[in-house]
Amino acid sequence: MKKIGTILSLCCILVISGCGGRSTSEGITSMIIGGSTSIQPLMESIAETYNEKNDALVSIQGGGSSVGIKGTEDGTFQLGMVSRELKPEEAKQLDQTIIALDGIVVVVHKDNPVDSITMEQLKDIYTGKITNWKNIGGANKEIAVVSREEGSGTRDGFESIVGFSSSDLIRNSDIQNATGSIISDVSVNEHGIGYISLGSLSDSVKVLKIDGVLPSEESVKDGTYKIQRAFLLVQKKGEKQGSELFDFIFSEEGKKLIEAHNYIPVERK
Amino acid sequence: MEDIKFEVKHLNLYYGDFQALKDLNINIKANRVTALIGPSGCGKSTFLRTLNRMNDLVDGVKITGEINMDGKNILSDKINTIDLRTKVGMVFQKPNPFPMSIYDNIAYGPRCQGVKDKKILDEIVESSLKAAALWDDVKDRLNKNALGMSGGQQQRLCIARAIAMKPEVILMDEPTSALDPIATQKIEELIDILKKDYTILIVTHSMQQASRVSDDTAFFLLGEIVEFDSTLNIFSNPKNKKTEEYITGRFG
Amino acid sequence: MLKLDRKLEKLETSVRHMGRQVIEQHKNCEVLFEHPEKSLARQVMHNDEIINNYETNINEQAIADIVLLRPIATDLRRVIVAIKIASDLERIGDYAKSMAKFVIKNLDNPATLKILKEASFIQQRLVKMLEDIMIAYKQKDVSLAYEIPTQDKELEALLQDFRKIVIKNNVADLEDAFNLSALYRTIGRSSDHAVNICEHIVYLCKGIQYDFDKEE
Amino acid sequence: MKRMHSKLRIDAIFKTVVFFFTCISVIALAAILIFTLLKALPLFKEVNIIEFITSDVWSPSTEQFGIASFVVASILTTILACLIGIPVGLYTAIFISEIAPKKIASFVLFAVEILASIPSVIYGFFGLTVMVPFVQKLFNIRSGTTLFTASLILALMILPTVVSLSTSALKAVPKTIDEGSLALGATKMQTIMKTKIPYAKSGILTSFLLGLGRALGETMAVMLVAGNANMMPQLIPISEAYLNGGRTLTGNIIMELAYASGTHEAALFATGVVLFIFVCLINIIILRVKRKGVAHS
Amino acid sequence: MKKRTIMDGIQYLFIFLASAISIISLVVIIVFVLRKGLSHVSWDFLTNSFSPSDPNSGILPMLVGTLYTVGVTLLIATPISICSALYLHEYAKANKITEVIRFAIDGLASVPSIVYGLFGFSLFVTILQPFTNGYSILSGSLTLSIMILPVLIKTIEETLKTIPNELREASYALGASKVQTIFKVILPTSLNGIISAIILAIGRIVSESAPLLLTAGMVYYMPEGIFSSSRTLTTHLYYLASEGVSDEQRAQAFATATILILVIVALNLIVKLVARRIQKKVG
Amino acid sequence: MLKLDRKLEKLETSVRHMGRQVIEQHKNCEVLFEHPEKSLARQVMHNDEIINNYETNINEQAIADIVLLRPIATDLRRVIVAIKIASDLERIGDYAKSMAKFVIKNLDNPATLKILKEASFIQQRLVKMLEDIMIAYKQKDVSLAYEIPTQDKELEALLQDFRKIVIKNNVADLEDAFNLSALYRTIGRSSDHAVNICEHIVYLCKGIQYDFDKEE
Amino acid sequence: MEDIKFEVKHLNLYYGDFQALKDLNINIKANRVTALIGPSGCGKSTFLRTLNRMNDLVDGVKITGEINMDGKNILSDKINTIDLRTKVGMVFQKPNPFPMSIYDNIAYGPRCQGVKDKKILDEIVESSLKAAALWDDVKDRLNKNALGMSGGQQQRLCIARAIAMKPEVILMDEPTSALDPIATQKIEELIDILKKDYTILIVTHSMQQASRVSDDTAFFLLGEIVEFDSTLNIFSNPKNKKTEEYITGRFG
């Protein structure tokens, strides 16, 4: 009995000491930002630096674009990260700010001899018209299509630019719900093809040129690389919180951070 | 010495719809050992547990009739059962010491009553253990866990624990059925000694035990008391045929 | 059937056999009183050994039963009563032997033999009593057991008569008187023991020690 | 007398307190049910229940919600996982409780317990990096993320449940039972198969069902290795079903929840409700089995 | 006779095969994780804070977050479950109410953890946001508390069941009240069992991911209190496994997995020890 | 100390007390033989009741012990032997009563009294024998129990002498002869029973039924 | 009828380093009931279980000496223990019917031997149940689960199950210690009947039981046989002081 008491009281001390946490954060800027997991790593970097500089407490949550939108609407987040276009009814509630551009790159296994692909081929592969690598100059291997999940901003962007609708996606396509998972999947499967955010590109997979253009900051920025999308931060209409954060994002330092993540900084609108 | 300790009048007990005791009338004499015998399920334990209101703990028990203990009806609602149980101690079938030290086991009851003074407790522990013929066995290891004792010692500890409450009556429900013959023997000898100071009721399945330890014997059958007499009469010349069949092992 | 029941039945059967044997002896004595004769008397004396063996045997059986089967209540009474009846029967048997001995001694003593003949109807009475007792035992018949001692009273009276006969006959030889006196006591004692058996039967059936206002 | 009464009063107060705390479970369950149902409700304004369950078209972008293919995939993975996991588990349990020397037995049991408490994320991680390429190479197929792979991982994950519960069921068989059998001249295996297993039947069955439940409800690991293809598994030949990707009910929820809104979100909650009903069915069966077990002992 | 021997042999073969599979799979998983992860585990890894941009950063905040979550969850769930177990085993009568309660507990036990996540998110994060600060350790712990209630209640009730009824009766027979009996006899006797239950619960809290993702959030900062959002080791691992793209992050993932496995093994060992102590006490 | 031990001790103590009482009676008879006197004789007759009560009491105690404590082995033998000894003692006591009765009857019969006086040393012998027996019983002394029956042989011889005295004295009255014969048997019987007790003691200690070649 | 069934010569048994049986020499006679008595832990069960090699199942047992059964040393390695156990049946302390029908319980042993013919099995089941005095109780519910029977019936079922193997010897290790007095009585009566056809050894803690059922009795103490004699001798006039102390409850 005594032991239980000891344990419980220890826990209490721990918790009570922790309760102070909230009060220390008062007075300084404390903000929660949540939403798209694609933007999450970038915003985490930004917040890290920003917090250090301004003695602020900006914290980043994942969840997904929809969570970001919902969270912002109901006040869970002060800002929401969204990696897809807002739906009309959402746009009515929220203000959006583009903070960066992102290229969506198509990746295959490192040993895949194919280097380049046309937009048309890409569409055919993802809608199941082309099912073998040999049809586009690769080995005689069935293509294993990997896609993101329904609702993902990356997928949204990819499908709308490549030009097919969600329901046309080849049905046996693998679906992964995170960039990392797609990389893992493709990096171990010689049959695989997938698409990820440019900022998340890793050495373990091979990037394909689209219509001969290799995705890079430059090619995205100048528009030669077609498959791209915007990263948004959204905010309840009329709210003005976080303007200092926006200042930071659009400052030189902010832009450098964005670039360091292989995204393309944009000017404030 | 032939005082009556419990005067049971028209006692009926129901578990829900099932009548477990049927119109019992019996006078239990003080400072004697009364054995309750009878086939399994005849209501011996139920009767015993009525005497310290342990049946209150069972759902759906209904009791009618009277049990007068020293003139007070202990079945009345006004009786404080917690008080009653300190006066009517109980020892169970399986030795059940609490998983604490020998000392704490004995001191448990007094402490529950609010006794805190270490000197008084020491004194109670010593005298109870002595009364239970256990003092010499354990005096050097009062702080050892009681579960380290042998079965027979544990049962004597349980008796000592009951004695520590300074009860008037000790109820024992098959106190030796979990013990080996030698430990049983010791408990029986102890009962023989204790009856000088306490009124003892003992439920037993063993005819030999009943005959060896008790002064009076009540034979239960299907919730009724078929015969109640001195143990010698019951065992040498029972009035009722059923009793004789039972004690001679011809029953059923 | 319980082992205990079987054993007790066996024990009581032994007692009954013993009883039959004892009655046989006393019947033979009755014959001897009427027609004194050496060989039958010898046989009676010899047969006593069988009765003694019966008692030893019943004792052993009974103790084995107590040790091994631990009877209580009626069962125990059956064992104890068996022992007691056997002991009484043995004595009654002994007295038959005494009678036979007496007959042999007095075969050439016509005066005594004459008295003896007159005593035979008393002996007949004794035999009858013993037979009744064995019936009461077999049937565990308490009322019969209660009744039999009245026979003893009659027998007592008859014995008083017998005593008078002896004295009336004015036995010349003192030695003879001595012996006849012994014989007289023998029958009396036998009937005493018979009454004891009745007490045992009552105890067996009722569980109470009954005392038939017995006189020495 | 006074303090006695206070004792009784404390008893009464304490009882109330304890009861109050106990009610939290009821309230929590009710809350969960209500929240999930409420959240699922908007779906049924759009789609009728039967269509939801029987249609295999799941296309949130076109507002078509049918989960038949997920139900089938869930059932397929669960069945195969059980087909592999249960015999292996049961035999391992026999090994532990009957055959292995004490030290080895306790080591194996400990290993199994560790298996049980490894987070499912690790299983998924392991599956994704080891099993998936392995399966792909093994069958030389397009992709290693298949229902078969998922079944293997699930088999591994239900193994501990089956092993530890079956072991304790077998260990709970009184020694007298096998002594009884051996004393009748039965061999050790006859004893185990003919007496011990029937004796421990209800415990073993419960372990199977709990394993089944775990397989059905598992999320993270399955999602990482099953491929999550949004299509109805092709049942003929059955290898076609297992060697392709597929999406389970749980996978469907966790996959899309992050980005779902509106009817889509409701559909995911509704998927949760269906899953919940499945698990409840299994639970009811378990209760039946257990009650029977109690009755026979 | 022959036939019997052969049959026996075949059975033995199956048994050994099956056991080999069980053991080998464990060994494979553990070796796989440890081989890649152990080299990355270091004191720095344990004591440095995390930074997404620094591949060599550590996991201290997650460790602390895990501790917080475990602590707060237990603080909420333990009293409730002890009380519930006490109620069910010591007070409850066999009636409809009890049936409902038991049904509810069984029901809670069979709710898939993802559903807990959904529930926790919509109740604690959204509706109760003013009290819980949205994504926070408190929200996560509240959700997990409900989730582990059935485990705790059932394990504790199991221990209560092992306390022989005679012990209670002995206490009552000595004139103790019910509360005295509970506090002086029942709880001390079941202490080891309660501790086992708690450790089991810790295991579950530590290894849970889906509900925490949705309720405690993913903030990787050192938590400042129960109102901070926080990552636990497992959600961190999930993050790294699903989002981690660089090789360094994969290495971190393996290292985190290693730590998790070590924690799990340690907890299991502790349960074993406690169980052994119980056995010693009882037998 | 076991309850059983206590009870058995108590039982044997009762038997010893009974023995003392019986010896007292026979000692008084010895005195009466030497100095015939009415009041002492009356007392002896009266005291027999006490002895009978003892026997009844011992029987009851013994049966209670068997019923309640279920003794076996030596314990059971102690109980059974107690019953048997008590039964023999009761008879020996009876004979004392008979002697006292005889004395009263013959107080005004100088011839008989004279013979009686000569018999007193035989009675003395009997008392000695009984005292030895009680010592053997108390000390469970087998060798003593084996030795005592030789005293019986001597006593038997003395009785033959006594018989001769009676016949020599040529008692005139036949009635007297009758009675003296009875007295003679009385002492003999007493010693028979005393020998029985020795057998019981041997049985008690050794567990075997020993038969001291007893003659009727 | 005084054939010797088991001739035990210089039997020693060790559990690891602990010697549980010390140089036992004893001849168990056929068609008699031999009781093994002695205080707890004296080696009774160990000895009994040596007679059908059940001790083989215990780790680290070492046995020396001989036990000749019908002239063959059953301790030899050449003996097929499975065969032996069909000849030497065993009945345990707690009734342990298998969780199957009454019929299947009895048929279990024969089936394990490979008997499949339904007619033969039927016949075995009927005769075994009759021998165990259980046929009339159960003939109408042979297909009911055996666990539904009362304790005494279960134990008789276990005896019937042993009989079904047509053994020569039946070993019983405290066969009634889990039963109530009435069921005990029935088992004892059954043993009395069975001894005509079987050699029976019974371990018992109850002196009364030993005295009631057995013809011979062996008293064990600390792994040795202190005394072996006819039961009557042991109980009426034991040669050894220890034996007497034990049987009269004065031990320890």
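Chains here go by letter, A, B, C, D, E, F and G, matching the order in which they are written, and residues are numbered from 1 within each.
Definition applied: contacts are C-beta pairs under 8 Å (C-beta built on N, C-alpha and C of every residue); 3 or more make two chains touch, one makes a residue touch a chain.
In UniProt terms, the chains line up like this: A = Phosphate-binding protein; B, G = Phosphate transport system ATP-binding protein; C, F = Phosphate-specific transport system accessory protein PhoU; D = Phosphate transport system permease protein; E = Phosphate transport system permease protein PstA.
Here the structure is a predicted model, which means the values were calculated and not measured.
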{"item": "Minimum number of chain-to-chain contact steps, chain C to chain E", "value": "2"}
{"item": "Pair with more cross-chain C-beta pairs in contact, given D-E and A-D", "value": "D-E"}
{"item": "Centroid-based (C-alpha) most distant chain relative to chain C", "value": "A"}
{"item": "Approximate Å spacing (C-alpha centroids) for the pair chain B, chain F", "value": "49"}
{"item": "Whole-Å gap between the CA centroids of chain F and chain G", "value": "53"}
{"item": "Mean-CA-position distance for chain E and chain A (Å)", "value": "32"}
{"item": "For chain B paired with chain G, centre-to-centre distance based on mean C-alpha positions, whole Å", "value": "37"}
{"item": "Where chain D touches two or more other chains at once, by residue number", "value": "7-8, 128-129, 187, 190, 224, 254, 257"}
{"item": "Residue list for chain C, restricted to those that touch at least two other chains", "value": "2, 63, 67, 70, 72-73, 76"}
{"item": "Multi-chain contact sites of chain B, meaning residues that touch two or more partners", "value": "82-83, 185, 207-208, 211, 235-236, 249"}
{"item": "Of chain F, residues touching chain C in the complex", "value": "56, 59-60, 63, 66-67, 70, 72-73, 76, 80, 87, 94, 97-98, 167, 170-171, 174-175, 177-178, 181-182, 185, 209, 216"}
{"item": "Parts of chain G lying in touch with chain D, wherever the complex brings them together", "value": "52, 54, 57, 82-83, 85-86, 89-90, 92-94, 96-100, 108-109, 112-113, 145, 147, 158, 161-162, 165"}
{"item": "Of chain C, residues touching chain B in the complex", "value": "2, 4, 70-77, 207-208"}
{"item": "Interface residues, chain F side, partner chain B - complex", "value": "2-3, 63-64, 67-70"}
{"item": "Complex interface listing, chain G residues touching chain C", "value": "185, 188-189, 192, 208, 211-212, 231-232, 235-236"}
